[in-house]
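A quick write-up on the structure given underneath.
As written, the chain order gives the labels A, B, C, D and E, with residue 1 at the start of each chain.
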Amino acid sequence: QETMQIGVQVPTTGSEATYGQDMINAVQIAVDEINAEGGLLGQQVSLVTGDTACDPQQSVNAASRLVSANVVGVVGGYCSGATLPTLQIYGDANIPFIIAAANSTQLIPENPGNAFMINSTGADQAAKAVEFLSAQGAATLTIVNQGDAYSQDLATLASEDWTAAGNEVVSIETVNKGEQDYSAIVTKIRSTNPDAVFWTAYYADGGLLIRQLRQSGYQGIIAVGDGSNSPQLFDIAGQAAEGVFAFSNPTADFLPQAASFTETYQEDYGNAPGPYAPLAYDGMKLLGWAIAEAGSTDADAIIEVLRSADGQEWLAGPISFTDVNTLARSNFIVLKGEGGAWTRADE
Amino acid sequence: MTAFDVVMQQIVNGLVLGSFYALVALGYTMIFGVIKLLNFAHGDLYMVGGFVGFLVLSAISGITGGGWTGVAISMFLSMIAVGCLGVVIERVAYHPMLRAPRLSILITALAVSLVLQNTVLSITHGQYTAFGADFGFGGVNLGNVFITYNQMILVGIAAFLMIGLEVFVSRTQYGRAMRAVAIDKDMCQLMGINVSGVIAVTFLIGSALAAAAGTLAGAYYGSVWYFMGFLIGLKAFTAAVIGGIGSIPGAMLGGLILGFLEAFGTQLPGIGSEWKDVFSFAVLILVLVFKPTGLLGKSEQERM
Amino acid sequence: MTSNSNGAVPTHGLGPFLQDARLRWVVAIAILAFLVVAPMIFGSYITVILTNALLYVVLCLGLNIVVGYAGLLDLGYAAFFAVGAYTIGVLTIQFGFNFWVAFPFAVLAAVLAGVIIGGPTLRLRSDYLAIVTLGFGEIVRFSARNLEITGRASGISGIQDPSLFGWQIRTQTDYYYVFVVLAIIAVIASFRLANSRLGRAWLYVRHDEDAAEAMGINRVQVKLAAYVIGAIFGAVGGAFFAANLGAISPESFSFEQSVLVLMAVILGGMGKIPGVILGAFIIILGPELLRDLGEFRLLVFAVGLLLIMLFRPSGIWPGRRGA
Amino acid sequence: MSTSGNAVLKLKGIEAGYGRIQALMGIDLEVHEGQIVTLLGANGAGKSTTLKTISGLVRARAGSVEFMGEDITGKNAHQIARSGLVHVPEGRHILRGLSVKENLELGAFTVSDAKLRQTRMQEVFDLFPILGKRQHQDGSLLSGGEQQMLAMGRALMHGPKLLLLDEPSMGLAPKLVLETMRIVKRLNEAGTTILLVEQNARLALRLAHYGYVLESGAIRMKDEAARLQADKSIVQAYLGE
Amino acid sequence: MADNQLLALSGVTLAFAGNTVLDDVNFSIPRDAIVSLIGPNGAGKTSLFNSITGFYKPQGGSVRFDGQELLKLKPHQVTASGIARTFQNVRLFREMTVLENVMSGMHCRTKSGALAAVLRLPSQQREEAEIRAFSEECLAFVGIADEANREATTLAYGHQRRVEIARALATKPKLLLLDEPAAGLNSGEKVALTELIARIRNELGISVLLIEHDMGLVMKISERISVLDHGKMIAEGTAKDIQNDPKVIEAYLGQDDGEGQS
């Protein structure tokens, strides 16, 4: 019996492998479910992985390989920088591409029309962050990013919005991934003592930063972006993560239908799903739905169905697209660290 | 915090960071000193050291607790285990290459680095692992400058290891032999020095120091990760060179200087912290332009 | 050619196989023929990979001049690659230059970069030079990450495809042929340089600086020439890399990139042109062939590298000129 | 063999070489206790290779080396050195970057008694006063002749039972050549057995008890030194002038 | 008078970390001469060579060569001005053939660059041929033309010394400095070397300054001998003068008391 090939384009080696692996796991869960229900168009679905290593050149190789493997569609896209040059490749080959994590605004003009971004853009998140932190009474803010496209983009957007709202940005700081020791930045933050600190990058380094901030006695508000809403933040930051706010798409924990996903993930992989797991899962499910709806593997038909997605509920919320194929809504929610787990903070 | 407090606090920060750099740089420098190899796998031994420390601590914390006693024991065992790993790596990957062109061993070292990283990657699936050490955040306040007990213990252990090593290498016959092996292996043999043995001991000590640093870092920062050795490996290499590669006091000095540069680079007036690495590298280059053998490196003059 | 048979052994490091001139031509034509028809036989994926490998051939031959000939350990070669790519990116996007107008500036920028890196540091011993070049590489990358004009961390996208005498270079196959031509030019230039007065001077300086100096060779000038020429190779590669991908960002020019190029050079056999080419192909094709292994692929690749080096410590390609 | 004493060193059918080059074609050689034996021969005859094979730097492809009644063929160089056989190789091999004193200290690497090292060091300084004066200087920056003294001094620090000297007079000023030969003789009189390779054959034969002449990796001739010296044909053919 | 001197050193002083190696050295070499420099080990002979050729930077004095001051020049500039040297320990380029080694000497007498090489300009091709031809000539002159394509460091020691001399000749020097060229040579080779040095002067018109410990060779060949001791010139003259100079005997030659003969 023939199987239907779906591509997953994420980093599985290099410094970002953690996140890529997390996404593959989630996609695999979705595929297992689809196959358990009889597959798509009567065929079992199987995955082909394309490792980008978060390197543009390698991701071009990976994408070309997925194209050569005759995949029906591709899910993934983690690093924006590495996702960018692949858009043209999938465009030329006319393959539907669900971008589950990468959300740099730079991707939009380069999209030939076959790619769909199911993660809200950085602009949406920045707006939410500014709104929430202002409401908490913060007037001065220090933003810390990690010098990559995603977190720098979010930092810049947030800074613009924050200033526009009449508040003061004390400074934008940049750290490097994997540095471990953030004491120098912490001292700098302590010396200017802003009302809030906003970490725009990922949980691993974020956890260390938060830990060191609190250890040094910083008492202000700490907030983190959607790259850091993982439960693993608590492993790394420990006590210090208590009271930290996170901006996030509604993740697995906060939707009734996601409970079983989280459980399955725990069971299969021995740890909690990371920040992009639900979106990756959704991406696969969305693609599966579109293929089923289209009733064929014809790309144009699948793309047509995706365009017409009309707010159907998925794990991470309803999906419908703008005319540039970005998520039509922003449904960022705010979480708070409490007792070693995330709870809703905005309800 | 006054400007003075900030400066003092950054000095403390630089000292702690510098101690880690120095510990790793020492191994770099020793190994370079003996077989002229830039051991790019050294940072990964630091990483493996962190994981071994974690495993040991998980096993014994039931008895010892997660405090300093447990961490000290984990560190010690990790030093032994990783020291042996270093020796094995030397035997398998470097020893057969000792008479090959120098740069070839560099590639072997890079390959070893990839092997270590990717082995741990496959085991941990790239996840961060919480280290599980559990000690308080207590400390002393000197004005507005806060120094934790952990920081003091950390710097103390690092200083102890470094001074011990320096004494060993500069004062003992064996240490002298280490330096001699770097220069002329055949002549060393003729003087009765077991060259292979000396090289093995060098790897043992160098790797053990990296493991000590790795375990301490895991405990101090709270987590370990398969890629944690990469950056510090580069930094240690840099530190070793600033101080004068091959020189043990140089590695210590270089580590501390780099620590201070990074601490103060973050606080550079007028430009943001994103330039701090540019700043440290620029200083490094300037140092080398004016002092081409590093701060404490001896110039290797050749007679004609 | 005939003078070689009774003159000095030429310094191209062809090894024992290819000493016969006629055999050399046969091999060259066979390789050329394969390169021309490859995209027609294989699919787009292989074409992309081969394009990549050919880019690496250019980069590796450039680094080979610095490391293999002049003996200067360079851990920041990606900086030159970045200079070429970003010059094209900045001039075409921010200033609206045509690719071909921007191209000479890319070469010029590389020459400048070579002089800046080389000038103050050439007195350093190899290991110190390594860290300085590493530092320069990182400075270039961090600067690209921090500056507005280079598009900060997101880099520069939307770089237009150039056209050449009315031929619009666009598809992967088009670029493949562009890189075939570039690689051939790089190979020919490398051979000719190696067998020239300057090429020998690099070897003299590499083997014994003092003796070379005593023979009237200005070592600083000779080493600088190596840096500058190596930089030009890198920048030319970078320029077409930028045009091919259409988007560039700092992560393409990381320390790992420099290390990968260096690995290819040493793996194949420093200073031996066919070896370096082989090294470039192994470094690019190796991990690709292992893609199915997922997270194990680099592990297997690394073990493979290790074994190759243990069995052929002077690089895969046989013959001297390897130390 | 006409000399008295028992053989400290005994080579039987030694073959050795480098890669495809065979340098020694089967050497038989004996050195008796308390003797100075000299090994003569043109450039490339294999003198240095013979010494290297004895001290373990070069592996013998065939034959055996016996030192003080023990078979040391195939042993590691450092093990052989520990048993009291010290080789001063051609080209001095001063350890660059280490001071004169450190070079000497390392010569006594196998001597664990610090006191003994101290006395030996003093003896060396008495023998070569310039080394005492320059003890803190980098050994490799000494002049050629000074380096030669250091190399010799370093060997003495070890307290050798058998000393292999490879061209100790090379590059020395005439006065020092004579001085060196006196030292060799004194050492021998103090009980050290010596195997001496010398380009300056006249001097060597004056000093030695017994001599071997090596040609293309094989022993061409062997006899009492005095008799070799008297043989005009040998002097002309192998020793020049 | 001054015009007669090819090389003239005056007041050259060199010290390393307080250790005076050359102490106010005055010394000259006439055109077309073979001059020897002798002296005990560590006297500063090699250091004097290094000072002339720009490897060491003396603290004071002047070195005039053919009307030009050398003291400020780098080694390669000194070579370009017409002084070539060999080294006390042979320093050939490893892994390169004898011919390639000799070709290095022609570097400073030719000029085509990278672009000419890549484009194979006719001028570059012509120059390459010239380099090759002259280097072969130099090899033939020292008598080892047959060894041109062997790897230089695999040659017998005596031949390696000759390669070094050929390499120096390829720089087209006016003055050749030889540092202990006879060390490690056997007596036959020494005789050949003596002849070669004479031919270099007689046939090529190149002056020679020689450091050597082999008194037989020195006495036979030198027109003048200078003696250096502890960085100072202690004597100068013909072979006879020197041989009988008590200062030289005391410092350098020594008395062969025949003690070796027991």
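We adopt the following convention: a residue touches a chain if its C-beta (ideal position, glycine included) is under 8 Å from a C-beta of that chain, and two chains touch if they have at least 3 such contacts.
These numbers were taken from a predicted model, which means no experiment stands behind them.
J.: Using the contact definition stated above, find the chains touching both chain C and chain D.
T.: Touches both chain C and chain D: B, E.
J.: Going only between touching chains, how few steps reach chain C from chain A?
T.: The distance in steps between these two chains is 1.
J.: From the centre of chain D, which chain's CA centre is farthest?
T.: Following the centroid criterion, the farthest chain would be A.
J.: Please state whether D-E or B-C has more C-beta contact pairs across its interface.
T.: B-C
J.: Between chain A and chain D, what distance separates the C-alpha centroids? Give it in angstrom.
T.: Going by mean C-alpha positions, chain A sits 74 Å from chain D.
J.: Roughly how many whole angstrom separate the Cα centroids of chain A and chain B?
T.: Taking the average C-alpha coordinate of chain A and of chain B, the gap between them is 35 Å.
J.: Could you tell me the distance, in whole angstrom, between the mean C-alpha positions of chain C and chain E?
T.: 41
J.: Mind checking the centre-to-centre distance between chain B and chain D? Centres are C-alpha means, answer in whole Å.
T.: 44
J.: Would you please write down the residue numbers of chain C that are in contact with two or more other chains?
T.: Where chain C meets two or more other chains at a single residue, that happens at 145-146, 210, 295, 298, 323.
J.: So which stretches of chain E touch two or more other chains?
T.: Where chain E meets two or more other chains at a single residue, that happens at 46, 55, 87-88, 91.
J.: Among the residues of chain D, which are close enough to touch at least two other chains?
T.: Residue numbers touching two or more other chains: 141.
J.: Hey, which residues of chain A end up touching chain B in the complex?
T.: 13, 15, 17-18, 20-21, 147, 171-181, 183-185, 187-188, 190-191, 193, 204, 207-208, 211-212, 215-217, 232, 235-238, 269, 271
J.: For a test of understanding, state which residues of chain B touch chain C in their complex under the given definition.
T.: Where chain B meets chain C, its residues are 32, 36, 38, 93, 96-97, 99-101, 103-104, 106-108, 110-115, 117-119, 121-122, 125-126, 234, 237-238, 241, 245, 272, 274-275, 277-278, 281-282, 284-285, 288-289, 292-294, 300, 302, 304.
J.: Which part of chain C faces chain B closely enough to touch in the complex?
T.: Those residues of chain C that touch chain B are 67, 73, 120-121, 123-125, 127-128, 130-132, 134-136, 138-139, 142-143, 145-146, 210, 255, 259, 262-263, 266-267, 270, 295-296, 298-299, 301-303, 305-306, 309-310, 313-315, 322-323.
J.: Which of the residues in chain E come into contact with chain C in the complex?
T.: So the residues of chain E in touch with chain C come to 53, 55, 74-76, 79-80, 84-85, 87, 91-97, 99-100, 103-105, 107-110, 112-114, 116-118, 120, 124, 127-129, 131-132, 148-149, 151, 167-168, 171.
J.: Applying the document's contact rule, which stretches of chain B touch chain D when the two form their complex?
T.: Residue positions touching the partner: 173, 176-177, 179-180, 183-184, 186-195, 298, 300-303.
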